[in-house]
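Naming follows writing order (A, B, C and D), and every chain is counted from residue 1.
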């Protein structure tokens, strides 16, 4: 089982205080305005919530992966899926690539400020014509000697409207030949257009991004040219594992709300919690929730033990928790009756926000594609 | 099977034209503003869409129940769940009670204008402390000779903010002793407060209603005093059957969108519709959808044959289609990938709007309570 | 809805009497011995239960398809899945092919005695190397002038050990070129070996069949040479529709048993039927069962209306009822507790027997293949 | 995660050899004869497979609980559910009660020979009128000074026909006042009648047991008089946890068979394993299987850490794995097509045998009752 040490506990405590003070009181307002509370990045950077699991050399705290798990768990439990997604798309998508393969200059210029919350970052893979099929991307970087000329467009890019730089997955050859380029959002030829009306993740920022002859100096290539696809695949395990953490802890939130609700809600001369059907509903939800924790922890321990080689169990955990969390939250809504349909009760938001997890970071169908390769081929 | 005649086809055609011209072009805007397009009542009244299934004596067209089915099917297929709900909560909740039990004066004063769309009506049952448990209501009508003094509050009342009158289910004695009172919204002591942030039904109007010593003349009692509960139970079959129609036809909409999407969407060198897993997903959705139609039609024919005695099959159809429609629409979102998470694609709205059907007009659990009585006791 | 006439009712009544007298008292013994009560064919033939839906010219009663539905429904409800399967594999697999395409001589020699129960017949399609993939069969008929020389083997052939003749689907060319040959079981070169240990259908007879240079005279070709595949596809709708009837009525049996059981079974100071969770279990089963009836009737009416063109709804009904019946019966076992695990209670047998319906006559996956073609291509 | 040491590995290896040599070659024959291979107890006792997790003082090997887990896992994977159940009902039901609360004399007389496989034991709780409702038992022990006079009957008692003694749960007062009595099967007044026709567990022995004025000396009371119910509840955690192991490892067997089958089975010009729908079916089964392992291990580690206090997670693991294993095995049958319906392929037996796990040792509904108390009250 997971073993938390004192430093983990301290991290959790300080984050909980932060959430209680800075997030929870304003959450409903941000949700209503469908606005990403961008200013939180700075505060979270200062308090070490972005850098917890990054090395001290780049401004992090050098904690182990449990630190990342804790931060994602606590934010998810706060039921602010959108901002949690923005934080996640910053901290765990582009930054680990920079950390793993970036040059010292790149780290100084981009990673360090991003860890401090002074810069906000995105990872731009998806295109209007290529989502699951990453090899289908067509955003092209033409080699022009000391720089690339970048053309194309990206879609669904979290943090791009509010961000400072993005790591752009760029075709630089046929097939798997892709290169990761650091592109600053204010550069000439870069433009963003917000995707406003989303089903959930209302407090995240999502953009369509256009590159029109953008000049990207070669010092902004991460790692080697044409190797981007492989860097991406390596990093994606961490991303999927943390999505499993998100799904599980949002479900935990909804579950806890449901238990509280049925204990209090009067009906038929008693409370809902005395009705056997409601009791079994809760018991089944609790069992499913436990299975989400069991899968996530199993994947987590495997990842901490053997790293990205834990691919299969992480993939399983990702698809399993994404689907199961929805079932739990759906029943949490049901237990609330009409109030489950009112946004101020929180479970509706949890449901909308969690729906993304079967689509993003590799859809459920893509997860099964991967698992079937492990199992059959 | 259902047999539509020419008048049915004419009704359907004219409604489709109306939807295409008046609703579809404005729908996204109304949704974004979370506003009920109140003015549509007038137009729909004029065109006979409210009165189709009401007798000619009260201004209706005297068509059979298939007319109601057609209107609900077409509106639902237009994927404007909120307004469809408002129309439904007006046309099929309070009006049939007035039609069945109202005096000639009541019909002239309230029913006729409501059928013409000149008045908007609500049915107010649910209270903050009593939803599924209708017998738990405490809004009280004190008998004061020629009038009642009404005190209490109602919650989740569709159309109450925008409406003109409501049929208020009022306790006038112990146990089942309830009375249906027609209350005009502008009367002294009546106040409404909007419930703004709902998970779905954004283009419907929902209110909390307060009664503070409201004077209701006895000529505004529908039917007999203390018999309200029974009138309600009688009418509710029609209401549940039409919710089954709503669920089925919203699912049909989402299904059709999904088929179109996967046929067009390019991926992995072809279209999504060539992937076997996607094909079977569609096939399974189609099968589930067919089962929704089969159940709804079965309930419909039984209702047209034997009326409210068809309670059990209607109850089954209601719970079955509400739950199954959600599974279909959920997969329709999945088939859209990231675009399923974008509100402009329609399936997300269908999903949010349809979620209500397992809660409203008797939750799924209440349906099973009823069915179990038929089957076991 | 289905309209039964007096002759239907008479058929049902006489069959019920037959079941009560001839089948039910011996059923458990036949099951225990895993033996097909072959002698029943003769009796059922005499009483007109085989010929009900065949024309009078060939010895049938000339009733409509509802007669077939009634016979399958009643036998299925008697919960003797194996023999019901044998009866079905005789009456609805080979005989309709003979009836539709057979010559007068063939009808006299084979169909008429089969309808009278004097001969028992099989349809032999499946081979060890080709099940779902019918085009993959390799049993070959070499044209030798006035006869074919038949070589190959078939598997899972119902009634072949106990039978008199079979209609053998034989490759007589490439691709779809197959021919239907009537082969008598006692002919030289034909041998059968029983498949004894089946999960269910214990009172059916199942065989592996080998053809070793079997001489089949050309007068035993049904219809035209090389057209067999198409005759087969045409007939298969009836077969699938009746499997839907079997699934639904076996589920009805198990459901009725469960209701009786929970009403009687004492527990916790009352009966199981007073426990809310058990009540909702029953209510959910009843709802699912209703949906099976709704789907089957829908397919039935479509078939009676437009014949094999009703393919899609029949395919949907087949896959839907096969899967849903299993869920119902599974819960019927659960409601019986430990007694559900004892074969004498009947629900265990219903469960084992019904498991076949997602595999036989086209597996669920093959059904979805077919539906997806209708929906997408 | 579980940490196996060398002694665990040795145990596993020797058990695997035993299974391969003594069980697998004869399994099908025993299954066909529906006979419990009683002689295996002696051999397993000698080889230390019964005593692995019992203390050396009573003839065991003094290994930790992982030894029990290993034995149950390996036997379950051998897919001989019936005998595995007999072994389990001997080793983990009555013996731990004797071990925990028995006197030295009782241990010498009963426990030691049972561990050596010289005596076969049962635990007799269930009665015709009381299963889930343990407090409803009526088998009564009348205090007659130095002995009890035992009257009543038990049902579904594993090993009673073939066994030597049983621990009988006996009412000796009102409410929870029950006493555990050791009763020898050959004593006067004890009679057994086999329950032959079970859905599964064919190689287990199951009996109805009758007590007719059986004289049970007080030295055969386990622990204190009237405390039996509590001893039972304490021991039942181990029993449920090991049922979770059984469910998981039988599912693992069926899963492995399915993967082998689809890799080999030719269809449509390739193998089943190349069909995307089949691949995702396998991937989903693998994911569910992983979740069974994750839940079982989680419960196992908690049990090894805190003992019977791990009740809730064990209860969750029991219900979860029992239900999920059935889904996996059901799909394993489906993947086998017609061969899944033939008993020699093994998956059918796995399915029949596993069906018990939602009923025995506390049904799924009873599990939810327990969980709901933890979660709500």
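We adopt the following convention: a contact is a pair of C-beta atoms (placed from the backbone, for glycine too) under 8 Å apart; a residue touches a chain by one contact, two chains touch by 3 or more.
Only a predicted model underlies this, so the values are computations on that prediction, with no experimental measurement involved.
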Fill in: Pair with more cross-chain C-beta pairs in contact, given B-D and A-D
A-D
Worksheet entry | Whole-Å separation of chain centres (CA-atom averages), chain A against chain D | 43
Worksheet item: How far is the middle of chain C from the middle of chain D, if each middle is the mean of its Cα atoms, in Å?
Response: 38
Fill in: Centre distance in Å when chain B and chain D are each reduced to the mean of their C-alpha atoms
52
Practice prompt. Could you list which residues of chain D touch at least two other chains?
Written response: 277, 280, 365, 368
Discussion item. Which label fits the chain touch graph of this model best, line, ring, star, complete or other?
Written reply: complete
Worksheet item: Which bits of chain B are touching chain A when the two form their complex?
Response: 32, 126, 129-133, 136, 155-156, 195, 197-201, 266-268, 277-278, 333-334, 337-338, 340-344, 348, 351-352, 355-356, 358-360, 363-365, 368
Practice prompt. Please give the residue numbers of chain C that touch chain A in the complex, ascending.
Written response: 275-277, 280
Item to complete: Write out the stretch or stretches of chain B touching chain C in their complex.
Response: 1, 259, 262-263, 273, 279-280, 282-284, 286-287, 290-291, 293-295, 297-298, 301, 313, 316, 319-320, 365, 367-372, 374-376
